[in-house]
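Each of the two complexes below includes chain A, the first together with chain B, the second together with chain C.
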Partner chain A sequence: MSTAAKKSLSLLQFLLTTWKLNLAGAMEFRMSFSISVGTMILNNFVWVFFWGIYFTKFPLVNGWTLQDVMMVQAIGNGAFGVAAVFFGNFIGIANIVSTGQLDTYLAQPKPVLLNVLVSKMTVSAIGDLLFCLILYGLYGVHTGLGLAKFLLALLIGAAIMVFFNVLAQSLAFFIGNAEGLGFQVFNAFLTVSLYPTNIFHGLGKLILFTALPAGYISFLPIGLLRDWSNSFVWGAVGVALGLALLAFRVFRIGLKRYGSGNMMTMRM
Partner chain B sequence: MDVSREKTLREPRVSSLALQVAKYTAVGKITVRNNLAYLYDYLIRSLFLLVILYIFAQLWRVTYDGIGTATISGYTFEQLLWYLVFAEAMVLSSPRLARRIEDEVKKGDVAYQLTRPVSYLLFQYAQYMGEAYVLVPVHLLVGGALGTMMFGVPHFGWGWIGFLLISVGAFTVNFLLNMILALTSFWIEETRGLEFVYYKIVFTLGGMLLPLEMFGGTVRQIADWLPFQCVVYFPSKTAVQFDAGEIGHMLGVQAVWAAVLTVCLTLIYRKGVKKLNVNGG
Partner chain C sequence: MSSVRVQELTKSFTVKYKQAGLAGSLRSLFAPQTEEKVAVQPLDFTIEQGEVLAFLGPNGAGKSTTIKMLTGILHPTSGSAEVLGFNPWQERQKLAFHVGSVFGQKSQLWYHLPPVDTFELMARIYEIPRGEFLKRRDQLVERFELGPYLNTTVRKLSLGERMRCEIAAALLHRPQIVFLDEPTIGLDVVVKQKIRDLIREMNREEGTTLFLTSHDAGDVEQLCKRVIVINHGQVILDDSVSNMKREFLTHKTIHLKLAELPQPIALPGVTVVKQKGTGMKLSVDTALTSIETVLSFIVTHYKLVDVTIEDPSMEEIITHIYERTGKGGV
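After this line comes the complex of A and B, so read on.
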């Protein structure tokens, strides 16, 4: 086996072990785990209620049906679920940097950004993932192709969500305490990714596909699931890859500026 | 010395009710002053409200354009957006009691609170109202900025007075419901989940996401029989569609719920305070 293949295998083993341990840690408190997951599913069903009421009065939102809007909810919540369950620190980097907790990761023989990202699992986000699957069960296309497209949409959505927020969070390397700003950016990004893109016009729509690229997630149910559009799908894949490369690059540049906080931390 | 003469020689008497009112008003005033110190923080944190309202504005603009009518369920587009501004402001301005009391129980601070020469429930109520009335203007200012940009300065006239009046009942009912939830921390450790679920009910059956007129049918009937409409729907509706005849009905419903919930809260508190086992402190 070549060295590169060995390294990849070792990295994969590291990721799987970390996720397994994160899940075991979360499951330690069964009651708390169940409440967190359950309340998150309930929280998301509020939007099913909202859209359910909406569509009883109005049959379409600018051409989008109830099924399309439910798939927006499924992909948006699912993308967040994948991001927060498997890469839970994607919205915690600013805090880690500004409080000097990055030292722990720097001392470990693993890729720093990847290690930071996977070191946390947001338990309640398992509820988002389950909610996503429930919606797919209720409104999705249940064929092999339908499932493959759904998983591809989730993958693209999660990648855009993780790497866009890594970029926003990495501002902490350059401006100091970017926790508040990062949280506001994340909130805005997640919120707009849960609404049909066609309700936005003009500047709002332009922002959705540039500065705050949540439009590439919320348009997936149309551009990928319903009417496969080559230009949109390749555009979304390109944005996901571009954001990933940019996020790794910016994080690397940021690391060079990072000063230790002299804080003693330990990873259990 | 006769009895009447003796009475007049005593210190001037202030009724005990007036003293009680003065005491809890002072608690409320201190809370207001404490919270005013963080006004700038509140303003920054409430900017997210603009994102939510912007999205709703876009959604409802498309909906009104698509339907082609000036009103939906009795609301014009302008009235609906202002309704959402008031509704969001009411919810965002309600202090999260369960978190505070859960922390007090976990850290043991509740022991100090309970031994103070004040009623624990009235003390919490005064604090709650003080904080809520600092936050409401902040959220109305931020949300109102978007409304004013879209439709110009609103002319609600009596609606402002009506909102102010109904908001007192709304915050009171919300306090009572929240306090009942928060007191469960005397029995169980985690109450945030309950609070989370509670606010989801307020979002839906309370009329935060949609005015109750939009529901129709059984859902509307259920909402009418529950206290959650007192918290969001009543004040928001009063602000944008003031109707003097409705005010009496709304105040009456709020008063009935406040009375029922006060009895429940008092009973739960009496039972809980005997059960409470404080660690730490």
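After this line comes the complex of A and C, so read on.
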């Protein structure tokens, strides 16, 4: 086996072990685990309920059908679920940096950003993932191609969500405490990811495809699932890859400015 | 062969300066004031392979900052360093495979999982082949006597048990150099002694280079051969521990609780610092009379209820070092 293949295999084994232990840690408190997952599914279904009422009165939202809107919910929540379950620290980096908790990761021989991202699992996000699968079961296209397209949409959505927020969170290296700002950016991003893109026009739409690129997630049900558009899909893939490269670069530059800290920390 | 070589290494931080109260915060919001704080002034030292070095200094002296630069956690402001032939901040990942670190205040263990699970993750992080990992884990479990709580969640372990697990986790990959930042902080005397024995054994059997910071004189006395004392980021002493002991660790304090009022004690170098009823505090100059002699006298002449022997605190020793080197107080 070549050195590169060995490195990739050991990285994969490290990721799998971390995810396995994250899940084991989450399940340590059975009751809390079940309640968190259950209430998140319930919470998400409230939105489905409201959209259901809307569609009994109107058949379309700017050309989007009930199925399209349900797929927006599925992909938006699913992308968040994938991000928060497998890369749970994507919205915790600012706190980790400003409290000096990066030390443990920096002392280990693994890529720092990846190590930080995978070292936390948000338990309630398992509920988002299950909710996404339930919606796919109810409203998705149940063919091999339909499933492949749905999984691709989830992957693109999760990558954009993770790396855009890593960029926002990495501001902590440059401006100190960026927790508040990071939280606002995340909330804005998630909210607009869950609404049909066509309700935004003009400047709003421009922002959705530039400064706050949640449009590349919310338009996935149309541009990828319903009416495959090469330009949109490649554009979304390009944005995901571009954001990933930029996030790794900015994080790397930020590490040179990292100031550590003296806070007592435990790995939870 | 040297494990660590440090040349003209410095680190400065930009620190925000704010006046007290809400008004100060408002002023700081519109006209922030910052100042450059020098954490480490140009440092130069070399550590040989297998050496056990105590790196001492009062709080804020720059000890942890130096360790963080040597492990690649922090980038220096200027200067150079080589650890096991690697530049720590440019070759951090390669170096980390050969380095172990125990930060008394930062845990590597997964809080909600048993240590055995963290060991599993460590094996993946350090890419230890399965067979080798299991053999090494079992060896460390036996040596550190971790068996009874290997499968207990970390949150339910005592501080001493957790610390032993921390050190074992840091040694799984057989590091060539281990940075121990206050490994005995907050531990009772029995656990401290146990941890010191284990660290000494590791150095003796595996030739591991040890870089230790501690506020406990016992750690330094029992573990280290050489000591570097820094303050305000500057080396003020670089000598053997035996020389330092000869010069600065010359006094011990004995607290006695007796069953009846004591007779006067007349041994050279022994002075009564305080006496109240049957309680007594003695200062012993160990260069003139050994502790063994003093204890033997006490056991023979007094009816003893309780006895405690104290080393001078590291702060006291450092104060003495300052007085000798004429660099002002701690």
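In the analysis below, the second predicted complex is superposed on the first by the 263 of 268 C-alpha atoms of A that agree within 3 Å, B and C clash if a C-alpha of one lies under 4 Å from a C-alpha of the other, contacts with A are read in each partner's own complex, and residues count from 1 in each chain.
Assume a residue touches a chain if its C-beta (ideal position, glycine included) is under 8 Å from a C-beta of that chain, and two chains touch if they have at least 3 such contacts.
Predicted model, so just to flag it, every value in this text is computed and none were measured.
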| item | value |
| --- | --- |
| Which of chain B and chain C A:F58 touches, first, second, both or neither | first |
| Touching partner for A:K256 - first (chain B), second (chain C), both, neither | second |
| Which superposed partner A:E28 touches (first chain B, second chain C, both, neither) | second |
| Which superposed partner A:Q13 touches (first chain B, second chain C, both, neither) | second |
| Partner chain in contact with A:T191 - chain B first, chain C second, else both or neither | first |
| Touching partner for A:A211 - first (chain B), second (chain C), both, neither | neither |
| First (chain B), second (chain C), both or neither touched by A:P109 | second |
| Residues of chain A contacting chain B in one complex and chain C in the other | none |
| Contact set on chain B toward chain A in their complex | 44, 47-48, 51-52, 54-55, 58-59, 61-63, 66-67, 72-73, 190, 193, 196-197, 200, 203-204, 209-210, 214-215, 219 |
| Touching residues on chain C, where the partner in the complex is chain A | 13, 64-65, 68, 71-75, 92-97, 99, 101, 103, 105-113, 117, 120-121, 124-127, 153-154 |
| Chain B-touching residues of chain A, taken from the complex the two chains share | 32, 35-36, 38-39, 42-43, 46, 49-50, 53-54, 57-58, 60-62, 180, 184, 187-188, 191-192, 195, 198-201, 204 |
| Footprint of chain C on chain A - complex, ascending | 10, 13-14, 17-18, 21, 24-25, 28-29, 101-104, 106-111, 255-256, 258-260, 262-268 |
